Each structure stands twice: as structure tokens, then as C-alpha cells.
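Take a look at the structures below.
Each of the next two complexes has subunit A plus one other chain: subunit B in the first, subunit C in the second.
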Partner chain A sequence: MTEFRLTAPRRRVRWIRRVGVVAQVAGATLATLLFIAPILWMISTALKTGNQAFSATPQILVAPTFENFTHVFTASAFGSALTVSAFAATVSTLLALVIGAGVAYPLARRPGAVQQQVAFWILSLRILPPIVIIIPLFLLFRSVGLTGTVWSLIILYTFMNLPLTIWLLRGFFADLPVEIEEAAYVDGASKLRTFLDVTLPLTLPGAISTGLLAFIFAWNEFLFANVLTGASTRTAPVALTEFVNPVSIEWNNIMSAGTLVVLPVWIFALAVQRYLVRGMTMGAVK
Partner chain B sequence: MSSTTIPKARRGSGSPLNRVIRRYGWLVPMIPGMAFLIAISVYPTLYSLNASFYRWNLAASARRSLTGFRNYELLLSDPSFWHSVVVTLVYVAFVVALELTIGLVLALLFFRRFPSDHFLRALLILPMVVAPVVVGLLWRYMLNPRFGIVSYLMSLVGLPRVDFLGDPALALPTLIVIDVWQWTPFTFLILLAALQGVPEDVIEAARIDGARSMRILFDHILPMIRYPVAVALVLRLLDAFRVYDIIYMTTRGGPIDATQTLSWQIYDLGFKSFDIGYAAAYSWLMLILVVAISTVALAILFRKTDFA
Partner chain C sequence: MSNNPSAAGGPATQAQRSAPIGRAAGVAFEQVVVTFADGTTALKGLDLEIGHGEFVVLVGPSGCGKSTALRALAGLQTVSAGAIRIGGHDVTDLDPQERDVAMVFQNYALYPHKNVYDNLAYPLRVRGASSADIDRQVRQTAELLALTPFLQRKPHALSGGQRQRVAMGRALVRKPSAFLMDEPLSNLDAALRVEMRSEILALHRRIGVSTVYVTHDQVEAMTMGDRVAVMRAGVLQQFDTPKTLYERPRNIFVAAFIGSPSINLAFAEVHGGGGLISAGQTIPLARAGKVAKAGQKVVLGVRPEAFAYEQDAEHDIALKVMPLHVEFMGSEVLLHFGLNPKQDAEQALLSAVTEEESILAKVDGVAVGKPMVARLDTRCPAVAGRECTLWASSRTTQLFDAESGATL
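The block that comes next holds the complex of A and B.
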């Protein structure tokens, strides 16, 4: 930097830098617009009438209508699909958090070679493509009468999210100084009490972000839901496919249903923005 | 009560049972989670391995019969298997390369702070949390040759209307573009976090040495962030291999067989032809391929850059 300042007149450098910032802001804004344009198009289509949505010359939204949203709720089973999705995602997330904490805490507090191996085995489960395990699991669930129930989904979503919750919680537990726990332990609290009264409240922000991430993954999941759910237990992503039929595709209704699927997880994603990278890389990148 | 006597009192009697609890008690909370993980990962993979040695079709009336390596022999001499290996590899290679490159360019654009950068970043991450099913439907709508916005925009600049998802030559590239749209924000976030972790003085020192910015990037910065780059690469690699949702919503393996990925083929065999034995052998070959490629990718990435 100093080299440049010595050679170029100061005023020119400042001018170049200002142009640089303007170009940077312009480039970043343009890139962002490019990436969110499809999303804006989805939301605006959700607020259009059927005729506008099918127009050969795409219409810019003028008078938004919420007709599609009422239609989606009243004329189809999409409302109940959203409920199933919320139930499956919530229960599996809570299970993954509780069971995951049971694995994560000992891994964080008793580091060792074997524990490291176990942790990496858990991480390596991400390599397993879902399509590879779903056929045997479908046959198994069918033989015990679990297909068509929401519980089959809850089992698989818990499994799917366990490596995530274990790795993230392990990181959050390890970040907590062990001295804090020892102080409570010495004061006469049992191990379980110490965990519940000291460790848990202090790692709660991390645990909540972990939970929100797990919820997002379960909420968006499609393959397991498509294979395992029945008519009354469809999740929202599966129910979306029903707006597509050979006779007609109700694009305006699909887009409003799609907006309904996407809206809650956007709010969650923005809430956990700070942990998003950490979460999506299993804590590998902080 | 002094602190030294309490743990002693809590230790209780020295009976064998107590000693076992004291030694291994910390393992108890791990049991449900580990049992769950082992059961649901090991059972299906071993089940598939076993099934892959049988001729076993749920739709056929014949009972299943042991055939040894017959399914694997059939697969390896089946042109449609090799076709879907090629389709999948093309998809994975382009998706990973494009997402890392564009992600890096975006990260460099956001690297220096500027007004409203946090706001733009919050908007940029939205595509990656859209359910892939919704992504597929949204793009199918936008790419519709009759009333889609993309066709319309193309006609404005004098280009012909193109059926992107219906043209066998264009369907796979189109799916790649859709994946790049959804997941570049992910590589962008990882690379941005990585770049912001590079110490300022490294860049400063290189600059004083008279290095040009491209040289600084390739010689100094990229080797320093090779670990996050490897993480982004492997995660995208694994996810790209399992692409299914978007295909289900757009091309369903077509037109003809242009987008028959491995995942799609296995789904087709298992849930449409009910050919369990063949699908199981297919699954195992896919698993071997995924493990091999991610191992090789990691090995290359770390050997090539470790001396830097």
C-alpha cells in the first residue's frame, strides 16, 4: 500500500478507490439481484390471477391478489400437508437434539483417539446417498406397518439430522470452559443437574440454531417423504406435486403454495445467519 | 465441607457394580444415538449387499433366487448404467466447478466491506434454503417455452423461444444452471468466511513485494484457504451425486434419457420396476463410486497444496 502512495499522487489514488467501491457495490448488487430474481418472480406470480400467470407476455404485478392463497387452503389439502410437515420436522428436530446431545456431550468432554474415530464415522454417514438406503428401509417399514405414517418420516429425519446435531453440539459443548461445570459439580450438583442447570442454559443459543437448521433440512426433504407418506400424511413438498397434473398445471396456485413452503424457513435462515456456514459444513468452517 | 471430601463421599462403596458405573457411566447417554445411527446406516447397506446377489423382483411372480454376481455382471455390461454414470459425472463436475468459481468471484466481490453488504448477503443466501421441490417447479415455470419469463426475455433480444427442459441436448445443462443458482450462495458463504480469516498482513506483505492481485490470490490466498475450499467441494460433490428432487419436478430422467442420473435410475428400478436385486447392486456400485471420488478429490486437494 505504502509503495502505491509514494508513486501515485494522493488525490488520484483516492479517486480510483472511490470508483473501486462504486464498482464493487454495483457488482454485488447486480449479482444479488440475479440470484433473487427467480424468488421475486415466484412471489409476484403467487399474487397474480391465473390469466396473468399464463400470459404469453409476462405481466408485471400491479394489483396483488391473495386469492391463490385462500384457494390453496380451501380447495386442496395443502393446509393439512403444512401441518404434517411442521409436526414431522419439529418432532424429529427435538429428537435429534436430545439424542444428539447425549452423544455430543461425552465426545466433547472426554476427547480421545477412539472418540475422534467415532466422531468421524458419524460425519462419514453424510456420504451415504439417501437413495441407497431408502429401498431397504421402505421394505422394512412396510413389513412393520410404518409406511404411510408420519412416524416413519420422523425416524428417518432424526437419523438424517443426527450427524448435524452431534457435530454442532459437540463444538458448542467443547467451546464451554470445563471449569464452569466443575464449579457447579464441586458445589454438590450431580452430573445430570450440572448439565441441565449449567451446561444447557449456556449452550442454548447454539442448540437453538442447530435445531433451526435441522428443522430446515427436515422441512425441505422430499425423497423420503415421497416414498413413505400416504394420502393423509403427505408433507408440504409432496403435496406440491399434486398441483401438477396431466390436465393442467395451476402455476399461480403452485407459486403461492411454494411461497408458503419457503417463507418459514427463510425466517429461520435469517435468524441463524451467523451459524449458517458452521451448520451447513457440520462445524468444519466457522 | 472441603472440596476434597465431597467427590470421595460421592464415590460410594467400591463394589464391582459401582466401579463399572464409575468407569463406563459416561458412555450411557451415547447409547440411544449410536444405536440409532448404526441401525439405520448399517441395516440398509447390508440388506442391499445381500439383496444384490439375488434375482428378486417384487412385481414378478417368481420367488427370489440366488444368482451370485449376476446382477453386477448385467449392470457392468448395461449401456444405460454407463450412460447414467456419465450423466452423473458430467453433472457433478460442472456443478462443483461452476459453484466454486462463481462462489469465489462473489466472495472476492464482498470481501472488502461496503455499505449495505450485510443486507445483500442476507438476500443472497435465500436460494439455498428454498425447498429443492419448489426450485424445480419455479424454474419449470420460468423456462416454459410458451409463457415463461426466460423465453420472453430471450425473444426481446431477438432469440428464438427454446424448450430448455424438453430438448435432449439442453436438459442437462439447464439442470446444472438450476443447481448452480441454488447452491452458489453456499460456496460463496464458505469462501467469504474463509477469505475473511486470511490475515491482513499476508496480503499486505505480498503487495509490498510487488505481486499483482491475481498472483496474490493464486499464490498466497488460495493455498491458505484450501481447507474450507476442500470442505465446500466435498459437500457439494456429495449433494450433487444425490440429485433427485429437481429432476423429479422437471425432467423425470428425460427427455429420452438425457438426465438419467444414478439416483434417478435407482429410484426408477426400485419404485417403478420393483427390481429390488438389480436396484441393490446399482446402489452398491453408486456407493463405491461416491466414496472413491470423494476420497480421490480430498487426496488430490491436500497433496497438491500441502507444500505451499
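The block that comes next holds the complex of A and C.
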């Protein structure tokens, strides 16, 4: 009898705990669906024909067709737009990382009042709404003859991303104990060698997460690309608008092109996932 | 100037060492001044000469400049004035990588992304050693430090003691001109610290490279150093063998810093007959009349172990004392007492606890007049609250100037 009395409340506790776990899983699943639903809808629409995509009764499961993808590449300049985007985003991200590291490292290693001011001033550049400077920038690039070229975008994206890369990298550098670098100096390594052998490998996870964020920004940027590029240097987000014309909105083509825009970033993020998690928790776990 | 190294206690121990391997070289600081960007001066003209193969400990309270001196020696801290020599060469303006010193950091500063083998190999790799040489020396060092089973492990998979060994190994692997150690044992637990202490000394005896060891722990300093440099506020107080520091401190600061429990200090006045008067009782210390004028205020310093509860040839000065409490330590007792026998026990206890601040005065930054401690035989019959007589040794009793704190 006593035993029964003892175990009964315990059983209830276990049952409550189990319900709690189910509720948590259900909540998490719901939240995931909420975020992933637009992407799933995009992919499913990308696999429909034009009529199916326009159907008033939404069709979720249809026989998939890949003709939209073929159409996007053959009937429009979307393929070259993807190439331009990839080029602009990759080059500007690498530049922002290299220049950003060069600025962030001394800011992190020589902390002081002046450095704080400089760092905040750098961040404040990011507060400025881009639309405010779009006309001056256009005039500026036109005067040096860079409008319509991919270089204008690379320059712009690099400098747009610099505040972000400087701030994030500064944090990662500051988290690295200075003694590890000093140990390398005493061990006989030069400053450059220390940076390459010690600082860089240890802050690589941070640099990769930073790079991914910068890349996504440059890859998805629409406003500047729309104003500064010409017909041959259109980026993917700008090219997407071509499927909206006075006659129709080609939802199936927009969605398949959209899928193609999402895909590279998704693959990149998956590939560096290991570093991403480490980069994001690097400060917390030493 | 109190920062001149004393001539006494030179590197006499060098002769006793086994023949040094490698290129042992002496280290010298010449009037080294370090001023930080914020204007604070961490080293105020440090003069220090460390012999070939000598093991020197820099010790002092936090902020005394001992770590700054070490960092200046390593080249990690820019020197504002003066010169640093290693093996006779002026290295003041050289970068750390050009100085051929090896350093063990307080937090070890191992390369977390490299395994033990690569950590040990790094100093050799940056010097462009051949991979055969690297392999031979890394394995030799790992063998010496019992690290062979852990060569493939990353630092995070090692215990504190093992990490400490890797840090030592990384310094040892390339036979540097000088070894620098910045509180290398402070992150270890007490038992391991004692073990590593003797291990470091054994390694030093084997390798015979000049070593500069920084610690804030005076016990570590006394047990490890051939010579110990006591520093305070950027100024060298005394540089001597542990024995000299303990027996003939140059000033009240060194006397109070070295030894545990700390030296007992009481104000006293020299009287005409050559003795002392302290807390109302006459202390027959003939030496007092020779080193100080009659009527001069002095500080009397007695080590806790200079007391006995019975008179004998060594313990010849009678002191009437009021025991406050008795700590039984097993092999000895620590008797805490007040020097003024006129106070009754209650008063003495009160003055020791609640009115402590009022009866204290500082001489050269050292508090004088705290309740005293005697380290006595366990047969000592003293009872708290009952006045008794203790016998102090006049030979080891020290006198300091009550104004400057200098030894008289």
C-alpha cells in the first residue's frame, strides 16, 4: 500500500513531464513550419505549370515539372544574372572580410576610449537608410564612369558590409586571449606568421559566420543593384522583376528563379554549419 | 637608493650545478623604466643582474611590477628607458621573436587548435628546423615531461597539470637563452603546485638555463629561487638569497613580506641603558643602543619562530605577554598574544579585534602593532587570557627605523 502511495504522485509527475515534452515538440514544429512554409510554397509553385500556379483552388500536390527552370535559363537572362550576383557577392564579401579584419584587429587589440569612438562611428554608418544616399551615389558613380558595371556594386557592397564585418570580427578577435598570440611571438613567429598560424585559424569560425551574413546581404541586395546596373550586369534579385510584366505575373517562373536564388546560400550555409554554430557560441564557450 | 641589488648572495649556487646543457646566458636589467600609456610607471629604474644558469624569482604584491619586468624581458612590453641584456647582447629594441627566450604563461596560452605534438613543435617549425629534427626533439621533450601518451590530444582534452607540462615543454623544446615563467603554478591546486615546484626545479637543474620566475607567493619564491628579488611599486627592495632575505631584510617591507606567519612588529623606544621599552616593559636588547640613539623610536621585529616558552641560551629576552588564543597545529602551536601585559584579557581581545585600526600605525606601508604570533612547541602551557612570559631570541631580533622602515 505504502509503495503504491509513493509511486502514484511520481507517475503523475512523469506523465506531466511527458506532456510537457510533447507540447514543446509541437510548439517547435509549428514555429518551424511557420518559417519554412513560404519556402516550401515557393518550391512547390516552382514545380507547377503556369496554369496550376494561377489556379484559384491552391493545388499542393501536383506532378512536378521542371520546365520553369529550363524556361528561366533559356528564355531570360537569369543565368547570367546569377553569375553577376555570385561574382559581386563573393568578391565584395572577401574584400569586406579582408579589409574588415585589418580594421577590426587593431580595434580589438588596443582597446581604449578613442577606439570605442571609432568603432561606434563605424557602426553608425550602418544606421543610415540606403535610400537617402542612392541619388548622390548614382551621380558619384556616373561621374567616374562606373554605372552599369559590376564594379560599382562590388565597391558599394564592400563598404556597406564593412561596418558589419568590422564589428563582428572585432568581437571575435577580442575574445581570443592575447597571450596565445604573445606565446607565438615568444616562440619565434613574426606578426604576420602569428596572424596566419594562430589568430586566423582560431577566429575562422567567426570569420565564416561573418562572411555568410555579408554574402547574404550582398546576394539579396535589390535597391542599389536596380539603380546602378545595366542590362548586361543585372543581378539575380533585379532579374526576378523581369517576370513581372504589363501582361502577366509569371508566378511559376518567379518562384523557380527564387528557388535558384535561395539554393546557393542554403548550400553554403549547410556546408559551413559546423563553423556557424561554433562562431556564434565562440564568446560563450572558451 | 633601495633598488641596488645587494652584493651579498651572488650566484654561488651555480658552482653546485651539473654542467649546463645549451647556451645558458645571463640576463641584466639596467635602469629599466616602463611607463604605460595612461601615465602610470610600472618599473622605476630596475637594476637586476641574473647569473648564468641561475634561478631567480621576482616576487611582490600585485602591482609591484614583477610581471611587467618579465614582459619587458620577453619583449612583450616596450621599455621607456634603460636597457635589457641577454647573454651580454642588448635586446632592448628587439622583437620577442628575436630574443631567443621562452616563456610559460600563467594561463599556459597553448594553441587550442593544435595537438600537443604541434604545440611542442611550433617553436621549432617557425625556426625552420627539419622535420626529422623536430620529431626527435618533440619526442625527447615529451619523454622528459611524461607527455608521450598525450601527443595527439588537443589542449582541451588535458588536465590542468598536463597543460602546464605542455606549456613547459613548448618552452623547453628549443634550448632558449633564458626561461621566463609568469606565475605558472597559480592555476593548479595546492597539492599539484607543490609537486610541480620540485619538478620545475629538477628540470632547471638538468637544463641549467637562466630562469626568471614571477610569483606573488613568497613561499614559492623562498623554496624555488637561488636568489629572490622582492619588488614593490616598481622598485626593487632587495635581491638576495632566500636565507639572507629572511634573516637580514633590508627594510621593514621585505621583513614583513617574507615569512609565514608574518614577522611580529611592535613600536619601541631606545632607552639610555641600551635596551628597549615597548608597551610599558623594558626589553634588554644590548644591540639597540649600538644601532640607534637613546630616545629614538624604532620598530622591533621578532619572527614567530624566535620565541620559546622557556629560557635557554638562544632565547634570552623575557617578554610579559597576554595570550589571546592558542591554535593547535599538530606539530606546533601558534600562540596569538598581545605585548601589553597590563591589559586584562578582555581588553586585549577588544583591542585586537574592535579597536585594531586605532592601535595600528603604518611604517613604510607596513602595519605595526598587530597582535603577535609565536610558533611554539606543543608542550607550551600557555592558556588564553592568563598572562605569561615568553622568551625571544636577541640574536634574530630585528630593528627598523620607525620613520623610514630601514633596517638598523
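Definition applied: the second predicted complex is superposed on the first by the 257 of 286 C-alpha atoms of A that agree within 3 Å, B and C clash if a C-alpha of one lies under 4 Å from a C-alpha of the other, contacts with A are read in each partner's own complex, and residues count from 1 in each chain.
Definition applied: a contact is a pair of C-beta atoms (placed from the backbone, for glycine too) under 8 Å apart; a residue touches a chain by one contact, two chains touch by 3 or more.
Just so it is clear, the structure is predicted and the values come from calculations on it, not from any experiment.
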First, second, both or neither for A:Gly79, with subunit B first and subunit C second: neither
First, second, both or neither for A:Pro205, with subunit B first and subunit C second: neither
Contacts of A:Gln24 with subunit B and subunit C, given as first, second, both or neither: first
Which superposed partner A:Pro64 touches (first subunit B, second subunit C, both, neither): neither
Contact breadth on subunit A, by residue count: subunit C or subunit B: B
Contacts of A:Val186 with subunit B and subunit C, given as first, second, both or neither: both
Touching partner for A:Pro111 - first (subunit B), second (subunit C), both, neither: neither
Subunit B versus subunit C as contact partner of A:Trp251, first or second or both or neither: first
Interface residues of subunit A shared between complexes with subunit B and subunit C: 186, 188
Subunit A - residues contacting subunit B, complex: 1-3, 21, 24-25, 27-29, 31-32, 35-36, 38-39, 41-42, 45, 53-58, 99-103, 105-107, 109-110, 118, 122, 125-140, 155-156, 158-159, 162-163, 166, 186, 188, 216, 219-220, 222-223, 226-227, 236-237, 240-241, 244, 251, 254-255, 258, 261-262, 265-266, 268-270, 273, 276-277, 280-281, 284-286
Residue numbers on subunit B that touch subunit A, as the complex places them: 3, 6, 26-27, 29-34, 36-37, 40-41, 43-45, 47-48, 51, 106, 109-110, 112, 114-117, 120, 122-127, 129-134, 137-139, 141-142, 146-149, 152, 181, 184-186, 189-190, 193-194, 204, 207-208, 210, 227-228, 231-232, 235, 238, 241-242, 244-245, 248-249, 262-263, 266-267, 270-271, 276, 279-280, 283-284, 286-287, 290-291, 294
Subunit C to subunit A touching residues, read off their complex: 37, 74-76, 95-97, 99, 101-103, 105-107, 109-113, 122-123, 126-127, 170, 174, 180
Subunit C contact footprint on subunit A (complex, rising order): 112, 177, 179-180, 182-190, 193, 197-198, 201-202
